[in-house]
Amino acid sequence: MIFARIRTAEIKGDRTMKKLINAPEDVLVESLRGVALAHPELAVDLTTHVITRATPKEQGKVAVVSGGGSGHEPLHGGFVGLGMLDAAVAGEVFTSPTPDRVQAATKAVDRGAGVLHIVKNYTGDVLNFEMAAELASMEGIEVGTVVVDDDVAVQDSLYTAGRRGVGLTVLLEKLVGAAAEEGRDLASVVELAKRINGDGRSMGMALTSCTVPAAGKPTFDLPDDQMEIGIGIHGEPGRHREPLAPASDIARQLVEPILADLGSAGPAIVMLNGMGATPLIELYLMYGEVAALLEKAGVRIARNLVGNYITSLDMAGCSVTVLKADDELLRLWDAPVNTPGLRWGA
Amino acid sequence: MTTTIDTSTLLDWISRFRDAVTEKREWLTELDSAIGDADHGANMTRGMAAVVEKLDGGAPATIDELLKTVGMTLVSSVGGASGPLYGTLFLRMGMAAGAVEQVDSAGLAAALRAGLDGIVARGKAEAGDKTLFDAMAPAVDAFDVAVAREIPIADAARGAADAAAAGRDATLPLVARKGRASYLGERSAGHLDPGAASMAILFETLAAAIAGAS
Amino acid sequence: MIFARIRTAEIKGDRTMKKLINAPEDVLVESLRGVALAHPELAVDLTTHVITRATPKEQGKVAVVSGGGSGHEPLHGGFVGLGMLDAAVAGEVFTSPTPDRVQAATKAVDRGAGVLHIVKNYTGDVLNFEMAAELASMEGIEVGTVVVDDDVAVQDSLYTAGRRGVGLTVLLEKLVGAAAEEGRDLASVVELAKRINGDGRSMGMALTSCTVPAAGKPTFDLPDDQMEIGIGIHGEPGRHREPLAPASDIARQLVEPILADLGSAGPAIVMLNGMGATPLIELYLMYGEVAALLEKAGVRIARNLVGNYITSLDMAGCSVTVLKADDELLRLWDAPVNTPGLRWGA
Amino acid sequence: MTTTIDTSTLLDWISRFRDAVTEKREWLTELDSAIGDADHGANMTRGMAAVVEKLDGGAPATIDELLKTVGMTLVSSVGGASGPLYGTLFLRMGMAAGAVEQVDSAGLAAALRAGLDGIVARGKAEAGDKTLFDAMAPAVDAFDVAVAREIPIADAARGAADAAAAGRDATLPLVARKGRASYLGERSAGHLDPGAASMAILFETLAAAIAGAS
């Protein structure tokens, strides 16, 4: 009780944060505790921060593991379950989890058919998953990796860290999860994952910064009349800042670079994703703008998602993801999925 | 004046580094807010707290075990980009030093060089990419030169620390080409690299530990 | 294009709002357009703002209609579909829809077995639904009404407008929707609705105010170190204001008045609801706190919901709803539901 | 000096009321922000815009049809609490006035009284509940008294407007017992009721329209 009060005082000092938390350093574990209590269908390890299905999938099927820094919920833990992930490894807020934990998760869910690591393209994630894969293969577990890099806001070049992994991760986890559930082998699942990564692009924007609990104040200052275009999901400033604009204009700024990069039109799965603090009424409005632009450009939206799927703590803003989708992808999309964050057919 | 480094000097280094990153935590986070994701201070503090806690439970007697313990603990407690990179630095230093109880200045130079090579092997950074490499590489070079000139180890470490600080400051105008800051493109210029800043602290505390042992 | 620019200028004036919208007066229709594009399984009337199922339920079953001001999404439109609502009527932001539209929706979904109106207890909603029911019965449609009033922050007295209808509305719509789907008659559905209303209570809090688009600025000023306890879902100030506190303390302030009012423990359905701008990581953390307190008080949480279900635009904060649940309610809860906002078993 | 009210005076009233709520929109919304949900300005503006648009398409020739059109349009365009209440006010006024082309002051008094009764029938408000009733009731009472004393209709309307304004001001210290503001309990005291504020505008514009017709 006294401890609790001391913590409050800390929160109340110069680090006033409008957050439903106790001590900043306990956010991750306490949030995972809530996940554990809310979802008996998941097994949540409060020490390793690994979330697995309470009922593992059958022997002989490829397991799918993802993870990364926390602060993007429901990604990844909220996508563990039938038809999607077998395990998610939650790092500290915006900090990739460590190799030992990724390896532990990998080992725990391996069903003898190998494990796919879905890694978002951030140096930290790539390095830690790389080391984890080394550790796992030392234990005789076959690991395949896909590095998701769909963010067209970032220049993809041999001389940079390349594009970030953002919204496409959600679609990829769903589709690849369905393929693994069907019993495909690791090579084919890896190939599918890479194909999906090649066929999807995203672009995001922010109306406000987010506040990392441990930092205690907004990551960047954004004046009341400004927005950031081309942000990622870690509160990094975007590629450029400009005056607030109407939704129709913002939609154009998100859709155009995606289409320019993705090329040809045709059937697609489209996600209009909220960054965490933007309400549904605005997300649907944005979806209306985005869908109209895409259809005008010849993209036929075969499936869609509108909501908060890959977030950046309490950032206000949104991102658009477009994935070209053939009949196979649509069939995998429609396959049953039963996770806290995405559920149908089950 | 000391000419060798033993495990107690290394332990002093580790503990000074822990203290310094803890003290400069907000500054490191602030640097990371500008061009990253605002966690570098938390990452380094968490990692070094884990290292000190681990060593408090009983420090290995040989330099390789000691440094490998530091490296493994960083790898398994930090995460992010800095975890594997700092972790590899210490792991490789330990491997290079071998199962000895002390190293001379040439041995330390070789270990540091191995650590730097490890970072490059992991992260593929090159000079001017605006990473912790830009603070570490000049420091290791300076230390090598000093050792070749048979400058006393404490002075060599002091020179390395100064070189690291200069390397850190030189990241200011750079456009990042590695890590999170690279996503910002031109906007990354005009800010110090947070990893270079913590790396300069690592060499500063090394110099202080060796001076303290003298 | 020029028009768009004029509107931007308007938005940019003294009414800078960090919202993904075009002109404030178009928010509702443009958001509904997005809903229509995203959900082909719904029929969205952009003139009357009525959302119905694209495939109506069979003849002879009771229809369930709800509605109210917009700004609470996914409520109510996001709960139209199999096992839940037959129609939702969306008013302007925070403004109850008009009687003619409620009546039109009622008439459209009546399958000859009568229609249940689910009304949240606000003067505006009560009066407009009352007039709608009068209009409908003039056309020979049997209408039953349940007025939801679950908010323990508000004193329930003969001399006031009584308690507000808040979070329980979500649970009630799900449960009653399932009962209607089973083919129960109107009297039994109304009785069930009233029983649920009697057995459920809610309490909410806000970390920030919301901003009504047409108003252009936050409804109330809340200093950086203060929070409001006992808020509703319309940006009304709460019952009292106090210094920011840790999540554990806030949880206690929400749970205690609910239990004091609800009395006895036992099995329950519990919802930890976000007000629109609070990210999942915080909502799960709060759920952990709330669940622990409830279990300690002898409440056995049989089912739960954690997420943004009944929101208040871009308000940060949360609410807790506790509904005593016997086996019948749990069975109705588990029945298939297929709506944008709630989906399982289908 | 006019002694009767015809449809053109009523139309003038309606259009003045539309102008006034539009002009005072922000203020009404501000009042509703303090103890409600920040939409009363938008609600009244939307409703009166719809009414004027409807009447622009062709105004009925008789007073009952005119007022019922106003009432029905408000009911079907405003929503919220004020829609049914203001709508009922005009519907009942029309029903009371009957299919005539003009009313004298007694006729207007009776119509206003019927409107007030309609509001009570719908909303169950009592004096001191801090609602639009608290502005309307004293206005209707004052008008009745003036008519009984055979005071000229323009002066009677002026007196009613003043009474409405006083009634509005008297809501300031009250603790609300009806509508949204009642949820606030004691915190509702110290604020004017937004509905009482728009109601005072209704009587102010009535007085102005009648004065203009004189």
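Think of it as A, B, C and D in the order they're written, each chain with its own count starting at 1.
Heads up, the rule we're going with is that a residue touches a chain if its C-beta (ideal position, glycine included) is under 8 Å from a C-beta of that chain, and two chains touch if they have at least 3 such contacts.
Computed from a predicted structure; not experimentally measured.
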**Prompt:** Roughly how many whole angstrom separate the Cα centroids of chain A and chain B?
**Reply:** 31
**Request:** State, to the nearest whole Å, the distance from the C-alpha centre of chain B to the C-alpha centre of chain D.
**Result:** 76
**Fill in**
chain A and chain D have mean C-alpha positions lying a whole-number Å distance apart equal to 54
**Item:** Touching two or more other chains - residues of chain B
**Value:** none
**Request:** Identify all positions of chain A at which a residue touches two or more other chains, and write them in rising order.
**Result:** 93
**Message:** What's the contact topology between the chains, one of line, ring, star, complete, other?
**Reply:** line
**Asked** What pairs of chains are touching here?
**Response** A-B, A-C, C-D
**Complete:** As the complex stands, chain A meets chain C at residues 4, 7-8, 11-12, 16, 18-23, 27, 30-38, 70-71, 73-74, 78, 93, 207-208, 224-225, 227, 243-250, 272, 276-289, 291-292, 301, 304, 306, 308, 311, 313-314, 316-318, 338, 343-346
**Message:** List the residues on chain C that touch chain D in their complex, please.
**Reply:** 69, 91-101, 122-124, 127-128, 130-131, 151, 153-155, 159-161, 164, 212, 214-215, 219-220, 232, 234-237, 239-240
**Asked** What part of chain D is in contact with chain C in the complex they form?
**Response** 29, 33-39, 41-43, 46, 75-85, 122-123, 177-180, 182-185, 187
